[in-house]
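Structure, as structure tokens:
Which chain is which? They are A, B, C, D and E, in the order written, and residues in each are numbered from 1.
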Amino acid sequence: MLLSTETMDVDFVRKVEALSGTSVRRCFQCGKCSAGCPMATFMEHPPNRVVRLLQLGQWQRILAGRSIWYCASCETCSTRCPNKVHLASIMDALRKLSWDAEGPSKESYVQLANRLFLQNIRTYGRQYEMRLAAVFNVKSGQFLKDLMLGPKLISKGKLKMFHQKNKNMIEIEKIFGRIEEMRKNGEAL
Amino acid sequence: MTPKKTLNYAYYPGCSLHASAGEYDLSTRELFKKLNIGLTEVPDWFCCGATPAHNVDELLSLSLCAKNLELAEQVEGDLAVACAACFSRLKTTQHVLSESDVKRRQVEKAIDAPVPLTGNVKHLLDILARDLGLEQLEQAVTKPLAGLKVACYYGCLLTRPTDVPNLDCVEAPTIMEDILKAAGAETVAWSHRMECCGANFTLSRPGVVIQLSHAILDSAKEAGADCIMVACPLCHGNLDIRQKEIEGVYNTEYAMPVFYITQLVGLATGLGADKLGLDALIVNPMPLLKEKQLL
Amino acid sequence: MHHTEKHNFEPKIIAFVCTWCTYAGADLAGTSRMQYPANVRVLKFPCTGRIDPVFILKAFQQGADGVLVSGCHPGDCHYIAGNFHARRRFAAFRKLLEFVGVDLGRLQFSWVSAAEGGKWVEMVTDLTERVRGMGPMQEFRELALEEQWSGAIDTPELREAYNSI
Amino acid sequence: MTNSIDTSIYTAITEAIQDEARRILSERSVIAVVGYTAARRKGSAQPVVITQADDAGKLIFSAACVNNLAVYLTKAKKEIPKGGKIGIVVKGCDLKALVGLLGESQLKREELYLIGVPCAGVLASTAQPARELTGDTIAPKCRECDNHLPQGCDFVPDQRPVTLELAGKYSAEIARLEAMTPAERWAYWKEQFKKCIKCYACRQVCPFCFCEQCLCDRNKPQMVETTPRPAGNTAWHIVRAMHLAGRCAGCAECERVCPMDIPLNLLNRKMAKELKELYDYEAGFEVREKGPLAMYDEKDDQSFIK
Amino acid sequence: MSRIGVFICHCGENISRTVDVERVAAQVGTLPGVAFSTDYKYMCSDPGQGLLKKAIQEQRLSHVVVAACSPRMHEKTFRKAVESAGLNPFLCEMANIREHCSWVHEDREEATQKAIEIVGMMVERVKKNRVLPTITVPVTKRSLVIGGGIAGIQAALDIADCGHEVVLVEREPSIGGHMAQLSETFPTLDCSQCIMTPKMVDVANHPKIKLYTYAEIEHVEGYIGNFQVTVRKKARSVDEDKCTGCGVCMTKCPQKKIPNTFDRNLGMRPAIYVPFPQAVPNTPVIDRENCTKFKTGKCGVCQKVCGPGAVDYEQEDQLIVEPVGAIVVATGFDLYSIEEKPKGSPIKGYGEFGHGKIPDVIDGMTFERLASASGPTGGKILRPSDGREPKQIVFIQCVGSRAREKGISYCSKICCMYTAKHTMLYHHKVHDGQAYVFFMDARTPGKSYDEFWRRSIEEEEAVYIRGMVSRLYQKGDKIVVMGSDIAVGVQVEIEADMVVLATAVQPQKGADTLAQKLGISYDKYHFYSEAHAKLRPVECATAGIYLAGACQGPKDIPDTVSQASAAAAKVMTLFAKDKLEREPIVAKVREAGCVGCFYCRKVCPYGAVEEKEIRDRQGNLIKVVAYVNPGVCGGCGTCQATCPSKSVELDGYTDEQIVAMIESL
């Protein structure tokens, strides 16, 4: 890793700081975030290292990996950080920037689930769990995933075959639209 | 029994309570009715965006929540929220937008309305333990849950992060235990009451959920609990719906019913199984409730 | 030495201690009302550096069954380095005693600080019990009883010389 | 069995010593030379002090020159004229004692002229002085000698001693005793010390016993019993060994002069061995300000201390 | 025959509960030499002490044994009481039958028997006790301060402000020390010279301070309260009384190409020079090694241009003897050199960092001079090699420090903080530059220190990289730094324009030689040893000598100033009395028995043993014996245990006393 003012992408770090509302430089690498992270075992860069790479402006290394997609947003790190580094928000920001950059992440399932979830909101205003699961299985190619659970859930009334659609759908589309507009105009990240 | 003051709330059930967590919605409405607490559902509420939204698009997440807060303004009273995730998102939105003018302006532009930042967002637990009060709740109990050992599971989002939900102590909350004690149950001390269950990885990476939820179930069993109590549909899904699967993977047996808080408190106030949606639970609670003579 | 019914042999234990650490540690054992065998007699020195190996020899000759030498932990010496000098001196002396046949079980060295009342009790109790198990220190006592002048002048050379006279 | 040791160089050494003594005495660079001369009995030798260059011819070196002359510079120095530099003939073993005395402020190097002797060994005290020097007649100390060629002297005859590899008697005996139980060792030493008649010849001959008043002669207080009874004898020998620890370089004169044949040097050599193991210290090789028991290291072994 | 009085205390019931005190009194009363024995409820009470005094007088007692609590509790009480009754206090001993007997044994018979033996033992001991007079030593109320850095200056000012004369000796031509070389100081970033120079001027103007610069300690004799110090005042070649400090000599000196050591050789100075413009005294000194006049005999320009005629080529070293009562050692520190074979040091340099041969690899002090407004670059950070401004600068921590292999295992304590300061200064001066710091730990235990360090990262944008640098090498005009970031777990490479090494803090050169002159001890690194690491941190084991500043161990300015003031306070404590009194537990030499082997001197932790010549009436030397200076002796008795002939004896713990105790058992 060659460090220089060129190789350390400070602009990217500033974006992360703006989006997350938290300072990356504050972190002194105590490792408490990684110590308490329930998902750290599934990550190739544990949370503290994600921040460390950010401090060095090495975002490509972060986005290339699956760490950010394995964050469960449990907020344990943010809660316990001695320096008030809101790492959960940093993770949010990194995921957003990854999407913006069409990041070459190794993790596709989590991203797929997220995309479907947001699509559902845009389409239905509310979450449509049955559809979410079904489409996910189809799109991820795991046709048989959780197949055994389906009938049971349906019988228990937990998977509704038909979705209760919001009556005010026009509003939700407007919100999506305005946000896209703001981004196009550079008014928001 | 009548409360000293009449309590009325706007109610934001959230998507899950209208789908996979129907029993949570049902038991909440029934319990509140029993306790003479008014609930009026926010008309035309939207999804709060939950974890996926803030995970990849904070502005969207904030805007969705802000919209919901705006919608809730139409209804008299504080906003009551049953789902821990919805509660967390709504509270976080209020917090973030009151901290950042930039983000507030962006969100107001997105929803084309001012964001109400002053309205109270309250979780059911808060309403039961504080607005109604433990004393009042105790008085409403007609069938104390004597002999039922409950592991209260808080999960991640009810208390975290510091200063945002402000529901209870961020590392050692007791609000669930307080409520259950008022309901006459016994609560167990256990290690995994605030560990993550795997949350929405249930869809994308169920293996994660199986591993994490297994640890939670194990801990509850080791602590001698008869059942687990939750206040979050996602936690419930992972612990209850996937319990059988976890038992299979780890070659063990829990048979550990997972209740919503409203179901257990409802039982204590004398509500019947039908009004609490007990039949919707995947792990059958009936043998346990019968054994403890709570039905 | 005083005898009790409990044991049929009560050893005489002499302790040479420095005033700043071990004596104070023994005082602490007292103020803490700890209990230990009454066999020990304490001789106070300013420093373990003052303790001459000859005193240990003298104590054995005077009928001690066990000797305890104790002072400040290394680095804690009130006189900077007295205990360091003592450490070398005793390391050598015990080797000498061992070589002439003294069982080193009877000779204990320890560092007991002013804060280690408990360790003092442990040291005294351990040594007392150990020596009690070993029995009386007969070696020096027997020597003291022997009066003969060079009783073993019985070499072949001498015998030959006497015979030739 | 032919284990004779070549002492032919001793003649050349004798001549060299005589020449050097003659030179330094005639130049008045020394006022006296302490050396060996022939004694009455055939082949025997005895210490001598010469002050005249003409007497240089009296000096000899032979296998009978066993005495450690260093003692004449401390206790017996009354015999030696004061007021100038003194020459002394030293074997390697004697030099070690001299080095120790230099470190203990008893001698000053600048007041000495050292005539070193390349030495292949000397005769044991039990052997007849005229006997041939062999592996059997050699003094026990020479069997373990590690200093055949004295270093740092002012003059050493240009000769190389031819030595014989011999098994160490002291080390073997120490090992034998170490293998015993404490009770067995006590019994051994008890028998040895019983023999002692407190003649103090060991003290008299030792270069390091230079105290004007020996601790063991004191009566106020009486630290050590003075009577020649077993208790007092034992105490004397223990104190003697302790006081010589780290100083004695093993000239074994104590043992040589003991009329009761007590293996006194065993104790001294045992202590030397222990100090070598504990503190890597060997007496007599260089003038050192502090001996092993006059210094310390913070990291010294203290495994024996609880 | 002695007439011993024995007093057995009940200590309320503390003793009498388990010890049959009457029986002890009766039994002990039969011992030979005991003239009187009694027991009493509270011996330490007024009536108890009254009883003791009355008995001494009425029974004409010669010695006293009080059997009561620990002597650590009440020995002083009873000795005082005995003294007021007319007996020497050291003829009184205590037998500890409480802490060592009644409180630790339950069996009454056992405890009583033990008490009888303990008291009997002390009776035998006290018989051998001797009258010991209190020792008094006069105090010369002048002090010597060695070293004119911030530590020495602070100590000197504090002592002088209390009205006592101070002799301040500085090796360099000016006082000021390292602090005068610094640019800014952490954690406040105020200018070092701004806070330092007023103090230097105070020293120069103080009527109670006698200042010797360009001077060294030649020889020290004596002991606490009474030292005789010989100061060597090196030939300055300029008469301090005549010189007005006009500086003409320096401007006219033709030899101007001598590396200025004050500026870490970054600038040049003439052969006649003051080290820096604010020097105190402002009197130049001729560097005779480099002066053409001294080298070839030709030149003499300075003498010609000097108006007052102060230049004196004939001047010689002067030896001045100063009597002082106390000495403060404040010789400060030096920096570890990464050169291949640093002069006078056994340690290996840093080959991996270029052995000091890469011009733009500098040490922290050199950076200070670069950053200093009065430095050779006027405060601009410029590369020594080509004078360009470095845009990428790398700081490396722990160079030498915490590196056992390099012979230094300790932490130099100040580097973390001054490097944080350096990154800030750099950022202030080179706005478009980037500072990197390779470090292992950041050690910032001090008021406002951690905040300062964090500021350098969070606000001044220094990039700290946890992990050490393996190697540096020159590549074109860059220095390639090969390090690692252990938090990420990757190797890191930086092409730097300049590298600053936080080299280890070491004691000043010659610290060991000075210690030998003073008779104080030092550790293996040659830092001076304090008497007690916790409780006597500014005192030396040698009485009357105190330590201030980095000569005792690496220290920053606040710690140094605190210790200097503490040392001054210790000097004042000493000077508060006209005479020193001390317990007469000291060793004495029996000259008749002493053969001068000086084993006692070898083991004495206090350096209290001196040589004494015994001569006959004609003045002929009979022998040299040991002499224990009672003012210096600490009273441990190690000498006596070591003396082969027992010709040195510790009063209060003589062989007679101890053997009497052993024999009583």
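In the analysis below, a contact is a pair of C-beta atoms (placed from the backbone, for glycine too) under 8 Å apart; a residue touches a chain by one contact, two chains touch by 3 or more.
In this text, all values refer to a predicted model and were calculated from it rather than measured experimentally.
Peer 1: How many links in the shortest chain of touching chains run from chain A to chain D?
Peer 2: Minimum number of steps from chain A to chain D: 2.
Peer 1: Taking contact as defined at the start, I'd like the list of chains shared as neighbours by chain B and chain D.
Peer 2: none
Peer 1: Just to be sure I understand: going only through chains that touch, what's the smallest number of steps from chain A to chain E?
Peer 2: The least step count works out to 1.
Peer 1: Please tell me whether D-E or A-B has the greater number of C-beta pairs in contact.
Peer 2: Per the contact counts, A-B leads.
Peer 1: Can you identify the chain nearest the overall CA centroid, using each chain's own CA centroid?
Peer 2: E
Peer 1: As a test of understanding: of all chains, whose mean C-alpha position lies farthest from that of chain A?
Peer 2: Greatest centre separation from chain A goes to chain D.
Peer 1: Relative to chain E, which chain has the most distant C-alpha mean position?
Peer 2: Greatest centre separation from chain E goes to chain B.
Peer 1: In angstrom, rounded to a whole number, how far apart do the mean CA points of chain C and chain E lie?
Peer 2: 39
Peer 1: Between chain C and chain D, what is the separation of their C-alpha centroids in Å?
Peer 2: Centre separation, chain C to chain D: 33 Å.
Peer 1: What whole-number Å value describes the gap between the mean CA coordinates of chain B and chain E?
Peer 2: Computed from C-alpha means, the inter-chain centre distance equals 67 Å.
Peer 1: For chain A and chain C, let me know how many angstrom lie between their CA-based centres, rounded off.
Peer 2: Inter-chain centre distance comes to 75 Å.
Peer 1: Which residues does chain E have that touch at least 2 chains other than itself?
Peer 2: In chain E, residues 603, 642, 646, 655, 659 touch at least two other chains, as defined above.
Peer 1: Mark out which residues of chain D touch at least two other chains, giving numbers and ranges.
Peer 2: If we look for residues of chain D contacting two or more partner chains, we find 215, 223, 293-295.
Peer 1: Scan chain C for residues touching two or more other chains and write them down.
Peer 2: 53, 58, 75, 81, 85, 89
Peer 1: Taking all chains into account, which pairs touch?
Peer 2: A-B, A-E, C-D, C-E, D-E
Peer 1: Would you tell me which residues of chain A are touching chain B in their complex?
Peer 2: 19, 21, 38-39, 42, 70-76, 78-79, 86, 88-89, 91-93, 95-96, 99, 109-110, 112-114, 117-118, 120-121, 125-130, 132-133, 136, 140, 145-146, 149, 152-153, 156-160, 164, 166-168, 171-172, 174-176, 178-179, 182, 187-189
Peer 1: Report the residues of chain C in contact with chain D in the complex, numbered from low to high.
Peer 2: Going by the criterion above, the answer is residues 53-54, 57-58, 61, 74-75, 81, 84-85, 87-104, 108-111, 123, 139-140, 143-144, 146-153, 155.
Peer 1: Which of the residues in chain D come into contact with chain C in the complex?
Peer 2: 177-178, 180, 182-191, 194-197, 215, 223-225, 228-231, 234-235, 237-239, 241-242, 245-246, 260-261, 267, 270-271, 274-275, 278-279, 292-298, 300-302, 304-306
Peer 1: Once bound in the complex, which stretches of chain B touch chain A?
Peer 2: Answer in residue numbers: 15-16, 18-22, 44-47, 49-60, 63-64, 67, 96, 99-100, 103, 106, 109-112, 156-157, 160-162, 170-171, 195-196, 198-201, 203-206, 208, 212, 241, 245, 279-282.
Peer 1: Give every residue of chain D touching chain E within the complex, in rising order.
Peer 2: 104-106, 210-215, 218, 220-223, 243, 289-291, 293-295
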